[in-house]
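A single structure is presented below for examination.
By written order: A, B and C. Residues from 1 in each chain.
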Amino acid sequence: MTAGELAEITGLTLRVGAVATAAILPPAVALGLLFARRSFRGKSIAQALVALPMVLPPVAVGLALLLLLGQRGPLGGLWSRLGIEIVFTWWAAAIAAGVVGFPLLARASEQAFAAVDPSYERLARTLGLSPLQVFFRVTLPLARRGVLYGALFAFTRALGEFGATALVAGILPGRTETLALGIYSRVQLAEDGDALALCAASFALALAAMLLAEGWLGGGAASGTPGGERGRR
Amino acid sequence: MRTAGFVLALAALLARPAGADELLVAAAVSLREPLATIARVFEAEHTGARVQLAFGASSTLAAQARAGAPLDVLIAADAETLDALAAAGLVRTDRRVVLAGNRLVVLASAELRIPLARAADLARPEVRRIALPERGVPLGHYAREWLAGVGLLASLAPRFVITEHARATLAAVDAGHADAGIVYATDARAARSAHVAFIPTAGEQPRIVYVAAPLTNARAPALAAQFVAALARADAQRILVAAGFLPPPDETSR
Amino acid sequence: MSEASTQIRVALSRGGFALDIDAAWSERVAVIFGPSGSGKSTLLETLLGLVPAAHARVKLAGVWLDGPEPGVRLRPEQRRLGWVPQDARLFPHLTVEQNVRFAEARGDVAGGSAAFSRAIEALEIGDLLARRAHELSGGERQRVAIARALASGPRALLLDEPLASLDLPLRARVLRHLLRVRDELEIPLVWITHDPDEAQLAGDRVIVIEHGRVVASGPPREVLWSRAVLPLSEALGLENVIDARVASTGAHECSVETARGLRLVLPISLPVGERVCLGLRAHDVLVSADPPGRVSARNVLPARVTNVEIEGGDARVTLDAGEPLVAKLTAGAIERLALRPGSQVYALIKSQTLRRIA
């Protein structure tokens, strides 16, 4: 394996993880907010459904996606009419990674939002901010630690996604071969040295992501949580 | 230097659009080394063309093709796999090429204390695990065909360790996870600690053929057809034979 | 008579608690007074538009926020009310300055940075701007919360028990700031409290709420010392409240004087001109029918009895000593001193019994 191949696999993995995380960020955060702030009929069923990709075997998720997105699936036909190919492209890897990462981010967001005292939001409303402004200026900043950790978990889960990805994206070198898939196929080929090099790249990526997240959070002990002012009633 | 190259390549890759003259060739994993050489030769002859190789069990690759993988050329280790795809209209039969033949060998791990000289030796109690792929994989199919022919399939079946494809079978015996394994003669060349114990006799050998065809919906149909055709040419044939493959047997003699 | 500038009609029922408030007033500063659990905070949240379930007709500062037609209601962000919550609720992710400037995000704050500067100055929080909520004392937090409400350019200021979460020494300081804000502002204030001192000092009018209903409404002193409200206000610590300024000062004491000429000596040295609000419990006021001779009490004030109320063995005597003062005596003492409205007496006040409340 050349440095170019290693970079190609690492770059693809990074791209898959970044695209997957970025794509699920808005809906997963929105859903987390919904679960944290509203009660409605069928909420626990909805929560269980969202958690499903987390508890199902990834291969089962992959099969479901394959049936859904494959050319004979209900959505695959639509894509191919539009001239878009998904299955066995890196988009498929990103979709698989996104789907398995979604529950992690949604659940972490839900918990982070639930920990935000709603009185801050009410106060912000009285200061003239619309609900949307309140979300971006108060709720999200107060929950940012939890949401960011959720995004980090989803991202690192995406980096390591194997089961679902192998089914919907295949292991096509240079196209869909992410680090996890590359490690597996190289172990199968008894190329242990290359497999270890890919493992090292995985480790470096995960470590970099975690350090970046920690740096972003600033390590400020009390800055992120509203703990300083709570419990004084 | 490797690190710098890695970073540069990574940066280039993150911005890289999909190549225009790119061929994705999916091939039986046993063809790994010679096909890599053939692809390089092909790239040298076709300026701008880039051949991307994906190796796996022929059955896995066929499943991917059926599911819509963007493959341009498929090379399988048996005729049936491609025939089935052709029946589904997924590969072009008019460009189909038989490029090579092969033989089965029995590998013994370095740890196995007894010598193996014939099929019946596989039944000895010291041979606790025998590596081979599942039935759907061409090698698995060929291995079972041979064992059935010598009347050992049923009695040895409990000792089977199922591997993913030909190279994984080799790796399993090399690593000592299995005491013996059934692989192609060509794969045995890549063995590190395992050794060829014996070669089933010509009479026992199943008929092994490698067949290539372009996919019906290849993105670069002309280039795909050229690549398939190139496999039958003399230079490619020399490379295959040098790697231990047999020349393509006459298909009609089946 | 012109229509009252503030009209509130609120009905709300939740979890066995019913709030049914009907009140109207035109005074600028209204104190909503009542024990905890009486529905004061819920009323305030209804005024803020934060209780969707409430049936409300609310006119504040001359503007209809709910109604007058049923179903017409402004959203919380449209009401422009400056809310100071009970425990400050400073946004923990923001600095003091960002908290005070918070409303600027909506882009149309009347006065903009001038409102910010005025709020910073009035609450004396210029030194705190770079800090975060968790780095502030309780009193500082409350002052920042008031500044935040002020800087939003509100049409009215709504204070929810602004001192309740503070320790006693801090209260005096924050109350001083609040009274200053009260005096400098021209917008209406709705001030919720269960502290009779605050109610007497701050309010132009007090509205007494118990069990979700208005039980009395009127001038603070009159209402809180009325026979009907007295059991409640006494239970909550009703006392005489004297609002004065330092007239002269010495090394160990100073002399303060109210607007109407009542002079008192305090055993502390304070700068001349400083506002001093004092609490004096009714049973700490001694009454002498004759001019006392040499007594230890530092303050001997000539006064006239304006009212005498006897209840069983207890009596309440209202004196006019320049300012109204209530003394709590026994019924026997009334008889012995022959106190009746019009009697000329002397009120004796030990300076240690004068507690500074602002």
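What we mean here is this: a contact is a pair of C-beta atoms (placed from the backbone, for glycine too) under 8 Å apart; a residue touches a chain by one contact, two chains touch by 3 or more.
Please read these numbers as outputs of a predicted model, since none were measured by experiment.
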| item | value |
| --- | --- |
| Chain whose averaged C-alpha position falls nearest the assembly-wide average | A |
| Label of the chain whose CA centroid is most distant from the centroid of subunit C | B |
| Gap in Å, rounded to a whole number, between the CA centres of subunit B and subunit A | 36 |
| Rounded Å distance between subunit A and subunit C, as computed from the means of their C-alpha atoms | 53 |
| Centre-of-Cα separation between subunit C and subunit B, whole angstrom | 89 |
| Residues of subunit A that touch subunit C when the two form their complex | 117, 119-120, 122-130, 133, 137-138, 141-142, 144, 222-229, 232-233 |
| Footprint of subunit A on subunit B - complex, ascending | 2-3, 5-10, 12-14, 24, 26, 29, 32, 52-56, 64, 67-71, 164-165, 167-168, 170-171, 174-175, 192 |
| In the complex with subunit A, residue positions of subunit C that touch it | 45, 48-50, 75-83, 85-93, 102-103, 105-106, 108-109, 132-134, 141, 148-149, 152, 165 |
| Sites on subunit A touched by subunit B in the complex | 3-4, 6-8, 10-12, 14-15, 66, 70-71, 76, 80, 85, 87-89, 170-175, 185, 187-190 |
